[in-house]
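Next, two complexes with chain A in common: one pairs it with chain B, the other with chain C.
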Partner chain A sequence: MATESQRSLVGDVLAGTRRILASAKHRVGITEDQNNLMGFAFVAPNILVFSAFLLGPVLYAFYISFQEWSILAGAGTWVGLTNYVEVLRPLPLAYTGNGLTWRPEVLTSPSANLWWYALKNTFVYAIGTVPLQIFGGLAVALMLDKRVRFKKTYRAAYFMPVMLSGAASAVMWRWFLAGDGVINSVLPTFLEHNWAGDPGTALGGVMLMAVWGGIGSNMIFFLAGLQNIPEELYEAARIDGASAWHRFRHVTWPSLGNTNFFVFVMAIISAFQVFGIALVFSEGGPVYATTTTVLLIYQRAFEEGAFGEGAAMAFLLFILIFSFSYYQYRYRDETEVDY
Partner chain B sequence: MARSNYEYPGYERSGAGYWTKTTLLYVLVTAGALWMTLPFWWTLTTSLSASPTAATVSFIPAEFTLDNFLTLWRRPDILLVRWFVNTVIFAVTVTAFNLTFDSLAGYALAKVDFWGRDKLFLGFISTMMIPGMVTLIPVYLILVELGWINTYQGLIAPLVAQPLGIFLLRQHFKSLPSALGDAAKIDGCNEFQTFYKIYLPLAKPALATLGIFTFMGAWNNFQWPLIIANDNEMYTLPIALFAVRNQYFAEWGLMMAAALIIVAPVIVAFLAAQNYFIRGMSLSGMKG
Partner chain C sequence: MTDDSTNGRLSRRRFVAGLSTAGAAAFLAGCSDDSGGSSGDGSSGDGSGSTTTTAGTTTPMNADITLSGWAANNEESALVTDLVSEFESNHEGIGVDYNPIQSKYKQKLKTQLGAGNAPDAFYVDSSYFPSFASANVLLSMEPLAESEDYDTDDFFDPLLDAFRFDGTLYGVPKDFSTLGLFHNTAMFEEASVDPPTTWSQFEDALSALKDNVSNESFKAPMIEYANGRSWWAFLYQNGGQVLSEDGSEAVFADDPGVEALEFLTGLKEDGLLAVPSDLGSGWHGAAIANQEVATAILGPWGLPFLEGYEDNPDINGQIDVAHLPKPSDGEKATIAYTVSYSASANTDSPAATRELIRSLTSDEGMARWAKKGLALSARKSHADLDYYDEHPRRKTLLEAGDWSQPFSFGPKSESIVNRVRPQLEAAMLGEKSPSDALSTAQQKINDEVL
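Now for the complex of A and B:
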């Protein structure tokens, strides 16, 4: 049997706890009118999936990147920074007795260091494809946003490559660009060339395929963006006598600000991760000409079993993509135009 | 024809300049469309040719035959039906999970007020920056431990939610008026009923857009099945194509027939949802 004083003690403790909880809630910003239980129940499946397959693995990958992994044992041994050093050396920029020296052969020859060579391939790919995909997509969207006959048919035609699997697209273009392929049969004889088999042109083939496949999806994004620009802006510009170019430069382009940002960031992020088309097109060859960064990571980790080194490379790529996205985000905040 | 020249000076719809411009526009648009579609035509003609070489195949099939398709059907090492079924199971399940999880989260992040909501949303979005390759290695090792390599659950589980879907649906739910939910709650709906009965039906265009994107992404996904499905029986179509390509490298007619089989279902799915598509895109907060 609890006495009167014991009962009041329990009451005091409960009241005190409640007060402490309330003040803690207040301090972190939880208020009475929030629906925390329901809110978290709705996002719980996603939190679970993201923790299990995204955030957890990122930490695990970071750990693996400091290990020499053995597939047979299913475990690794700690090797510190060895993987990173192995991947990065020799650097294209070296410090010798008389200052910093540039060593171009690290970037131009696959035999010096495959990471830098693959990174160079990836940059060439990104610089060559992203602007064409974006401005191609924008140009098509501008043309098809106008009153064009058979608009739907045209849009479907431009969207067809987007529906195609990268693997299928790579097999198709491999045939078109082969020595006895279809492209050569429509080219004049003096231009005939084994496009896919020559180290000098193979990456160009992959890029051509990527531009072909990328224009349609950007067209869709730009068409959606164009629909959201109020017609009144164009009317006002026309009344002021603005030419077509000025209407584009001062109405369309600034109004597409968010679409531009989204399309550009997504295009760069996916260009830095180009993998499947390069693998199926030519398996990184000939002579590493189409070995991109992610393809190299795949080969190291899953074909050679060097998971530690693969994880280290993947992290270096992560840092690259993260810095780029962060820079873009900051830059956007300063120039954003709101109508 | 709703606009007259009188209303908008500088918007001429007649005269030599207008016709030159219009002709140029059509020439450009048609040339681009040909560039986009000609490769499909070449693929078709090659797949219908008996012995395709560049000289014989370019615009019409040489020695018309269906042999390439029949061979894909008949060769014992080509499990066409099995691969097709695998891909359907994979793509449909992934799409169903994504639509469910992403609409739940998208709704909560847009319409339910709870602690840390906006930070959580930012967290979801920033996971888009993580390259697939970073998680590929550890997730593979985890699934090896679980014994999920070469299983459907291994193929599907890591892909059941995606940040882009959450983003798209959150933007869409945000654009719907909150008064609808308030009214439903006064009438006695709880939060889930408000979501399920009021807001979800209004999100159909956005769901159709996300659905077809996710389906296409899973159907064509290469990176993940390449790692998880390394047994002939568990291949999805793109992986099977890669494997078949390595085996029958120069049999272009066969390859092109296989490529067409992969793209056909996606074209059908797209045409079925096409009307929702661009509308859904512009409703999903891709505001200029």
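Now for the complex of A and C:
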């Protein structure tokens, strides 16, 4: 334990710091009303950790994306925009003598450009999983918000996949979807197929797994959202003679605006960042079928040691996710729900 | 804090005194954190390098060194711990700290090397060895190779070559694994076939197995990964190469490579070969053990699995290992996966580190390691060990060391392999013709990588 004199010393230091800050504030013209020292003190640990372990590395990665970087040498050579050009070329949209031409093969063939192909896979994945995760989660939440027997058991069952690690569920689903797996044993013979091993269906397998895992977590958010909706609104709607569908359409759905926004943005972001399940399910294969953008970044940087190229890809992905989230956020300001 | 008000105003002197006390405390805390890790550095007596030792190990050296690797299981790390503590008791003054890294070994080691805080000695897989050596992060092992009482001639040449870069040795083989033909002798007998020695015999044998094996678990004569692992061995057997002599160009899409891949895809098309996702088993060892297949091209790591297979303890006795079949006018070849003991170029104690590596790879050290049975001894003379007479399947795999080709293709090895595998997969799954697939991979490598 601190002795009396040490304690008073600490007190002195604090008081001194306060005085110095006060005089500094006076000089830059901050009034006492804006005295946020305590506030800053509270957020300081977070800001420090954030800067040291997130912001700093991110800025450094941005710097690396302009270099041909060797992690072993811990140094690189400046190559300007070369990494970005290498990643993006050939573009799916090309300017030829006759104006802009669309080159679909850049998106459909992994041999032309892996970045665009991986981005295409990621979009297919996002478009396929996000709506199902959201509406599936909402549907389950609506069902389990009612008085049903074993409600808690059902909730736990639907939430189970969320608690399972991605790697474990990927291994499980790889077995389910194998030529010899459980799925085939319940399908009629003419539908039997090696789902996990066929480049045409492997991404579908990963998507199925993502929907299965995503419904549970969205369900929890929607259940919380549903419980926030004031009962009076439903009462008023019933008195007005609204049917169940109308109550959902005009009370539940608009009142869930905040939840919808959150769930949608998070689902899109995590869809763009899909990595672990694709890696464990099939390591990006067969024949690049499940190579998503983040998986490609991982392979380039950490397997092949091309950190500059990997960092450039990561920033392109960041720009994509950031512009999407920013647009959503702006749009959102106009539609926020207040009860 | 309640007595804060009594201090109310404070003199500048007290404030400064307070600050410096806090500073000193932080400084001391910092120091005490470090002292554990760096205590050895000050006393390290062999910083000047390799001049200290002759082989006798009687010269006292003072050094604390660290050793890192991965451990397949507790038994393996226990053995390394034993070997290390014996080394310590024979080498007064040298302390060895053994820290196995359990996952993402390569990534972690790369980061440590880049940051300059790598262990002194560590494992390096031949597939990324050239990228390490070309970045000058490894310590030369030439002084060890040149020392009189250390016989590098005893190592299989292909394995030593795997750890040479620009003519300099940067690692000593720890062990290796070759691919051989694992086969179920009961099923072979049922189909009246002998282990094949040529590709055409192999194909005939697989057909006979397909028609004659009655075991109800049996699904296909052979298992192979969709990314065609054995293609690399078939390529060399057929006289092909992955890279040109000077390493400046990929040449695997020439005829020998295409023929080798056509051989494999032909087996797949004829229903003689299944990929893991066709079967219930995810890998060769399990497929063989479950009797889903009669053959698999597999390495010695499959043996401990079979030996300990509890679901069907009898199966181990039925599985034998033969050398890989080759084209009738082809060359003997197989793939060797090998790992070295290497050292960091930054080590403070190069002589002590080399001494540790010498001890771990010595005749005795390596024999004890090899007897764990996970991988093979890198020393040719060990073929005469009683252990290998008692374990003939491992002996077969060991013999193949002579004609093995390390799975390593220059400093850009990983980029090359990452571009070839998906194309092999495309051919195996019938998405592309073998020549198309290999040309695509070759062109991408020549354009993007080399």
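The rule is simple: the second predicted complex is superposed on the first by the 302 of 339 C-alpha atoms of A that agree within 3 Å, B and C clash if a C-alpha of one lies under 4 Å from a C-alpha of the other, contacts with A are read in each partner's own complex, and residues count from 1 in each chain.
Quick note on the criterion: contacts are C-beta pairs under 8 Å (C-beta built on N, C-alpha and C of every residue); 3 or more make two chains touch, one makes a residue touch a chain.
Computed from a predicted model, the values in this text were never measured in an experiment.
Between chain B and chain C, it is B that contacts the larger number of residues in chain A. In the superposed pair of complexes, A:F322 makes contact with chain B only, with no contact to chain C. Contacts of A:A15 after superposition on the shared chain: chain C is touched, whereas chain B is not. Contact with chain B, but none with chain C, is seen for A:N46 once the two complexes are overlaid on the shared chain. By the touch criterion stated above, A:R238 is placed in contact with chain B alone, chain C being left untouched.
In the superposition on chain A, A:F302 makes contact with both chain B and chain C.
By the document's definition of touching, both partners, chain B and chain C, reach A:G74.
By the touch criterion defined above, A:D180 lies against chain B and chain C together after alignment on the C-alpha atoms of chain A.
By the touch criterion stated above, A:I127 is placed in contact with neither chain B nor chain C.
By the touch criterion defined above, A:L91 reaches neither chain B nor chain C. When the two complexes are laid over each other on chain A, chain A has residues 74, 175, 178, 180-181, 302 in contact with both chain B and chain C.
For chain A in complex with chain C, the residues that touch the partner chain are 7-16, 19, 70-74, 86, 110-111, 174-175, 178-181, 194, 196-199, 284-288, 299, 302-306. The touching residues of chain C, when paired with chain A in their complex, are 1, 3-4, 7, 10, 12, 14-15, 17-19, 21-22, 107, 110-111, 113-116, 131-132, 135-137, 219, 226-227, 275-280, 282, 412, 414-415, 418, 421-423, 425-426, 429, 431, 440, 444, 448. The touching residues of chain B, counted against chain A in their complex, run 8-11, 25-26, 28-29, 32-33, 35-37, 39-40, 42-43, 46, 53-55, 57-58, 100-102, 104-105, 107-109, 112-115, 117, 120, 124, 127-142, 144-145, 157-158, 160-161, 163, 166, 190-192, 195, 216, 219-220, 222-223, 226-227, 237-239, 241-242, 245, 252, 255-256, 258-259, 262-263, 266-267, 270-271, 274, 277-278, 281-282, 284, 286-288. Contact residues of chain A toward chain B in the complex are 28-30, 33-36, 38-40, 42-43, 45-47, 49-50, 53-58, 60-61, 64, 74, 140, 143-144, 146, 148, 152, 154-169, 171-173, 175-176, 178, 180-182, 184-186, 212, 215-216, 220-221, 223-229, 235, 238-239, 241-243, 255-259, 262, 269, 272-273, 275-276, 279-280, 294, 297-298, 301-302, 307, 310-311, 314-315, 317-318, 321-322, 325.
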